[in-house]
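Both complexes shown next keep subunit A, but they swap its partner, so subunit B is in the first and subunit C is in the second.
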Partner chain A sequence: MLKSLLNGALALTLLGTAASAETFRWASKTDPQTMDPHAVNSAPVLGFLNNVYEGLVRRGKTMAIEGALAERWEAIGGDGWRFFLRKGVTFQDGAAFTAEDVLFSYQRASSEAADTASWFAPVSEVKIVDEFTIDFLTKAPNPIFPDSIANFMIMDKGWAEANSAVLPSKDEGNYATLNANGTGAFKLVERQPGLKTVLEPFENWWGKPEHNITRAEFTPIQNPATAVAALISGDVDMINPVPIQDAERLQQRGGVTVIQGIEARVIMLGMPHKAEMLKYTADAGKPNPFLDVRVRQAVAHAVNVEAILAKTMRGAAAPASQLVSPAMRGYSPSLEARPAYDLAKAKSLLADAGYADGFTFGLKCPNDRYLNDEAVCQAVVSMLAQIGLKAELDAMPVRNYWTELRADNYDMYLLGWSPGTFDAEHPIRFLAATPNKEKKLGSWNFGDFSNGRIDELLPMIQSEIDDGKRQEMLNESAKILQDEVAYVPLYVQPLVWGTGKNIALTQRPDNFLILRWVTVN
Partner chain B sequence: MTQAPVPQSAITRAWESDFMWSFRHSPVAIVSFVVAATLIFAAIFAPLIAPHTPFEPGTLNLMNGFSKPMEANEFTGETFVLGTDDQGRDVISTILYGMRISLFVGFAAVTFAMVLGVTLGLVAGYAGGWTGTIIMRIADVQLTFPGILVAMLIFGIAKGITPIHLRDQMAIWVLILAIGLSEWVQFARVVRGATLVERNKEYVQAARLNGRRPLGIMLRHILPNVLGPVLVIATISLALAIIAEATLSFLGVGAPPTQPSLGTLIRIGQGFLFSGEWWIILFPSITLLALALSVNLLGDWLRDVLNPKLR
Partner chain C sequence: MLAFTIRRTFQSVVVLLVVGLVAFSMFRFVGDPVDNMLGQERTGADIERLRTQLGLDQPFPVQYFKFLRGAVQGNFGVSYRQGRAVSGIIAERLPATLELAAVSAILAVVFGFGLGVFTAIRRDGWAANTIMTLSLVGVSLPTFLIGILLIYLFSVELNWLPSFGRGDVVDLGWWRTGLLTESGLKALILPAITLGLYQMTLIMRLVRSEMLEVLRQDYIRFARARGLKERVVHFRHALKNTLIPVITVTGLQLGSIIAFAIITETVFQWPGVGLLFINSIQFVDIPIMAAYLMLISVMFVGINLVVDLLYFAIDPRLHVGSSGVKG
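And now, the complex of A and B:
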């Protein structure tokens, strides 16, 4: 009797572990702010939603473009691109996927309420050819257009209309902020912002699943040490990021695998190019010194990037000289030198600009977005103090951060940028072009940097088909941005993920965790 | 913690000698007094003692970061007795300056709580009736919340209403307000209890017949007679306030990173627990422990000495 009871209990336990073994739990510093794929153009949101929604095209394990909701596509001469859609695809609520949904999603994602509008700056018109064929017409020949819309996710028209979520809502939120209905391999079953988000496989997905997950739970863990402890104890199966300082020790201990790579993300300092006055500290209200290029150059010369890399990043990152990393298409190898760390030069530049005694200002910084972001900002504060620029640091969670930057509440800020297209044109369009809502340009150019030549070069770069000529124009832009110190690029951020030994997955250089490549053994 | 009903002049004389005798014969009291006094002294004179001014960003060298205690830094060759943190700040200096903030917040918060609690307690005890009932019910309600929760609530509200650019400067004062408001109840309860006893004593009635106003009676006659237990609570509250401040700062809602207290230092150090830089968290933690423990033991001893029942 006792024996059979014990056996029963044992069998139950085994069953229990077998069932839960395919639950995949992962944790990251940042909670995706919204479940709306068009409301916020940031990696945590897009990366998470890539599991739920799908685009016309998607990126494979090596970032190569492959078909998703479009089976194939072809250029219509120089006028644009024709996409042939996959047939028999259904949304997670059962509705059929057609060209209507693509047109609707285009209108939604390119509307002024959307954060993704800049993606469609080159598009002049979208035309439905038939139920499963759609044309994206461009203002000029656009060779990289299909590459640039891998994160343009398709939403069901009927679902959005029925739930009055026809337009995305970034700040107030609407039905699509908390609910999702994509065509992707996973569907959203539970969403508690900031606490827990649960996905389950979508049984009618058109593709062939490569994963063996039955349930995936995401938890944001803000404190990196807590995340590491959770990984070691097995409370979570994967964390992103692993604090750089812990990578080496974690690697040495059993039970945990550390996966390292170089992310496509460049970390940089941004400054106001248009604001008339400083906004923070005792000097608030005084004329904005960053309008003077010499002051911006002084900042670039005063930041000791080598020290940040050696200490704060523990040798895991590479210095950056441009808005893109050397691994991106269109990087300018001839301009790879950063401004040298030279305090004397920085001081003399400041003196020339009339700030020999320095000034004080406010530095804004996220504290849960990039690897060691707050520590990097603190280091920048002490480095700038050595040339008399006294920064008051305000570090905040990323959920408040973008709002502050959009409201121009900074004198200097920290920004990381990873080009979604893996091409040097991307940051020029988002960060350097003069902000223009109508043309959907410069949407993340918080400092309102504006340069006539850059604005002139951008459309030419976008439509140039000859690689050599295109590269020349990219080099020219990169040179202007360096000379004008539009930003002070600091370093290329490393990617450090930690997983349990029983987990197999693929680390994509854009820092997206794609659940359909995860296996739990 | 009831008050000994002895006439005041007699108390003062007997108190001195008794007090000192007890102190001389309590090794715990002597040791805690020495530890607490040393730490407080070091904190007050931190600018003179500390090898560096850790919160003057211009004087920091990032390459000094993560120096091990008593070992020369591999890049700069400088040696730091207790090592440095991730920004290259000397740990001894950060502790000395951090303790200043911890102690300042502790003393200020306890003073605030004491003034508020004693006033309300005196009023509640002396006036009685509705006034007393309302005050004490508020105290009861507040007692049902953990103090740290009340402090976090106040901190959150204050953070919401202060303008962004003033937040860092205000943070310390908000912290004092938050901790003070979460600890006044103890004072109010004890003072009210003592006042209820004193109120009906002959000397108070005599003063009343003489025509003294209630305010005068409360301040000149009752207050001196209830101060004994107040002193005890104040000492124990000081230890609690230091710990509350450390907790809030550890949770990231207290002292800002630009003016770190011991709690902030422990929070910073916690990030390096797994990576083997143990000194960044260990030394601030030991300091906090020594400070809170010595003040607490002093408070305990004081309570025993001042409690007639234990004598």
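And now, the complex of A and C:
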């Protein structure tokens, strides 16, 4: 007992000295569920591990691709990409970084056990050319391949083998679930899942540090009110997200800065394109009106996005016209106009379609997935009521939501999409292509939207090297999706972070906090 | 006594089995864990494969049987979210909850009894009336609101106490305690008050009304008539006889302190099992939810058992016809 007391006292003194250095403490809603960069493909995990592990390439402050573990890369004609690796890089355990580690990480990240395998679907083979050169060969020319692997993180082969973590394990976990050994600017020093995760700068990092942190502590705080209180009282230096309704009040308060930006996520309404009948309310069993493009157009004209942005999102979000935000590669600037808010037009479209008296239907909505999602759905319900479309709202937690959508239990639904590749091809592949299990296409296209030209354009877009031609095809796709009203895009979700006044950092649209850009003053 | 204990234990096992069954059958409505475990670029095949790996494709009775078989051996499976053994995770989190609950319970009992007796004896004093009025606040305000008010006052405005977390902990090998560090003790104050306030006011009001009841009885009058000191009358004769109902309620309240710690833990981001449970619901982490519910029911059942046994110790009447009186 005495000994443990002494230990405690010693630990206290140590903590006391550590606190005097530049400790950065931040909190977010979700704890990264694993420290394994290949086990879960989700923003909390990848965002956190971007500080510890590094990829061949990485994204800069404006999301542009820049070299990380690869110094440069070039296309091998249309056959793939050659990466020239950085020399003299070491992992945090001291092992040297070579092409062997890249090959190993590719095999690990593209295995069936990994959640990141879809990034490597276009890859046919990976070949080591020499110790610091490696080729990623693709089945067809693939212009955006380097962009698509910005979150593909490199793990040390020797370390993984020594700790029997050669493959990621989603259901049982292994050494790499709780430990990390990357080449990044920060190393993992303490990991208590769900409680606290501590990083410290990696002294032998190859890059030049831009930060002045000596220790970074992450705590998940699920309750938004607690997080806000922790920020104001100075118990944490940064929180993400700040509840939108608190942003203004926080901004006015001394000692706290609110940083607002636009995320990559577009929020949209989806409708059934194939179902024969409505499934909810009194009109259940009647023919599905959304099969008629005029009805879908009427919906688009009836939703007053500006009002939603002003009232529900408190001016923090931006209207969306396409399935990607303007910050993404391949956005079509010529198609930036949303269908105008025009009730008369919406009503006449409905009348033309034979629904002058409107109809009733069921709207499914998550209530804990997107910012203010349920409130947005309620706003949509009241707006659609103005043209006689009476929606019955059914809001539920996201853990039940996808199951319902997969079972086609909706007449209309709310969906948010953030393209993992930051490219306009991504939502076409997942949301607009005709669902096809074999080809792994349209896996989130719940409404079964299907358009022959889109299906034709997609593989061409995927393999077009020439940027101009590729953009033309993306424009054509975007035009078709707008004309057909495959979805009704509403707005781009905002990012709202809060920091102490003494903190300087960079907010990236992918909602990743990059610690090497954080300064504590 | 022995027969009573055995009968009670047997009943407890039945209760636990039923709780397990009800809890387990409800998990199907909590949601689908697979969606949370896979990223947005998953395919239908990935979903099916993981579902098979987790055994979710098996029929309900098989899943329940497997769970029971593991649970009997102390094996609650592997957490979906953390990929670690559930028993280890719970053991890691339990000290935080137990320390919080113990401190709250001590606060509740000490202040509850003290103030209860005080307000009963000084029935008409202004101090007693003020305490009674304030106690309404404790009974009527919901826990999370009290927590947020305390955070706002003591952390945000006054900046005296930390707004969340448990502070620094000392690892004793088998128990991580926050009671040995300054920051740990500071972090404990607000959550302990939040959690214990309701119980404290409840105990206080109960002690007061029972005490008033007893003080009206004839034997107290006799005791006074015999010229016994007020102190002896109050504490030796009156208080002792108010204890039976108070102990029942207090005992049950101790169970709910641990169970209701969920709300306090969420408000203060207190790293105990309650917070773990809330997070596991959001993530549909079935093994954790199942283990937590079993743990809580074991606790409730255990506390009930102890309370029943305490009756024996306190109330001599129960000894007289011990086999038939109490069932």
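Just a few scattered comments:
Criterion: the second predicted complex is superposed on the first by the 303 of 521 C-alpha atoms of A that agree within 3 Å, B and C clash if a C-alpha of one lies under 4 Å from a C-alpha of the other, contacts with A are read in each partner's own complex, and residues count from 1 in each chain.
Criterion: a contact is a pair of C-beta atoms (placed from the backbone, for glycine too) under 8 Å apart; a residue touches a chain by one contact, two chains touch by 3 or more.
On a predicted model such as this, the values are computed, not experimentally measured, just so you know.
Once the two complexes are overlaid on the shared chain, A:Ala225 sits against subunit B and subunit C alike. Contact with neither subunit B nor subunit C is seen for A:Pro319 once the two complexes are overlaid on the shared chain. With both complexes superposed, C is the one of subunit B and subunit C in contact with more subunit A residues.
Judged by the touch definition given at the top, the superposed model places A:Pro209 against neither subunit B nor subunit C.
After overlaying the two complexes on the shared chain, residue contacts for A:Gly67 are found with neither subunit B nor subunit C.
Of the two partner chains, subunit B is the only one touched by A:Asp394; subunit C is not. Of the two partner chains placed by superposition, only subunit B is touched by A:Ser382; subunit C is not. Within subunit A, the residues touched by subunit B in the first complex and by subunit C in the second are 223, 225, 229.
Interface residues of subunit A, counted against subunit B in their complex, comprise 223-225, 228-229, 243, 245-246, 248-250, 279-281, 284, 304, 307-308, 310-312, 362, 374-375, 378-379, 381-386, 388, 390-395, 409. Listed in rising order, the residues of subunit C touching subunit A in the complex are 29-33, 35-46, 49-50, 53-54, 78, 80-84, 89, 92, 148, 151-152, 155-156, 159, 162-165, 168, 170-173, 180-182, 266-269, 271, 275-276, 278-279, 282-284. The touching residues of subunit B, counted against subunit A in their complex, run 56-58, 60-63, 65-66, 75, 86-88, 164-165, 167-168, 257-258, 270-277. Per the touch definition, subunit A reaches subunit C in the complex via residues 4-5, 7-8, 11-12, 15, 31, 33-34, 39-42, 112, 115-116, 118-119, 169-174, 177-178, 192-195, 219-223, 225-226, 229-230, 232-235, 368, 397-400, 402-403, 418, 420, 430, 437, 440, 443-444.
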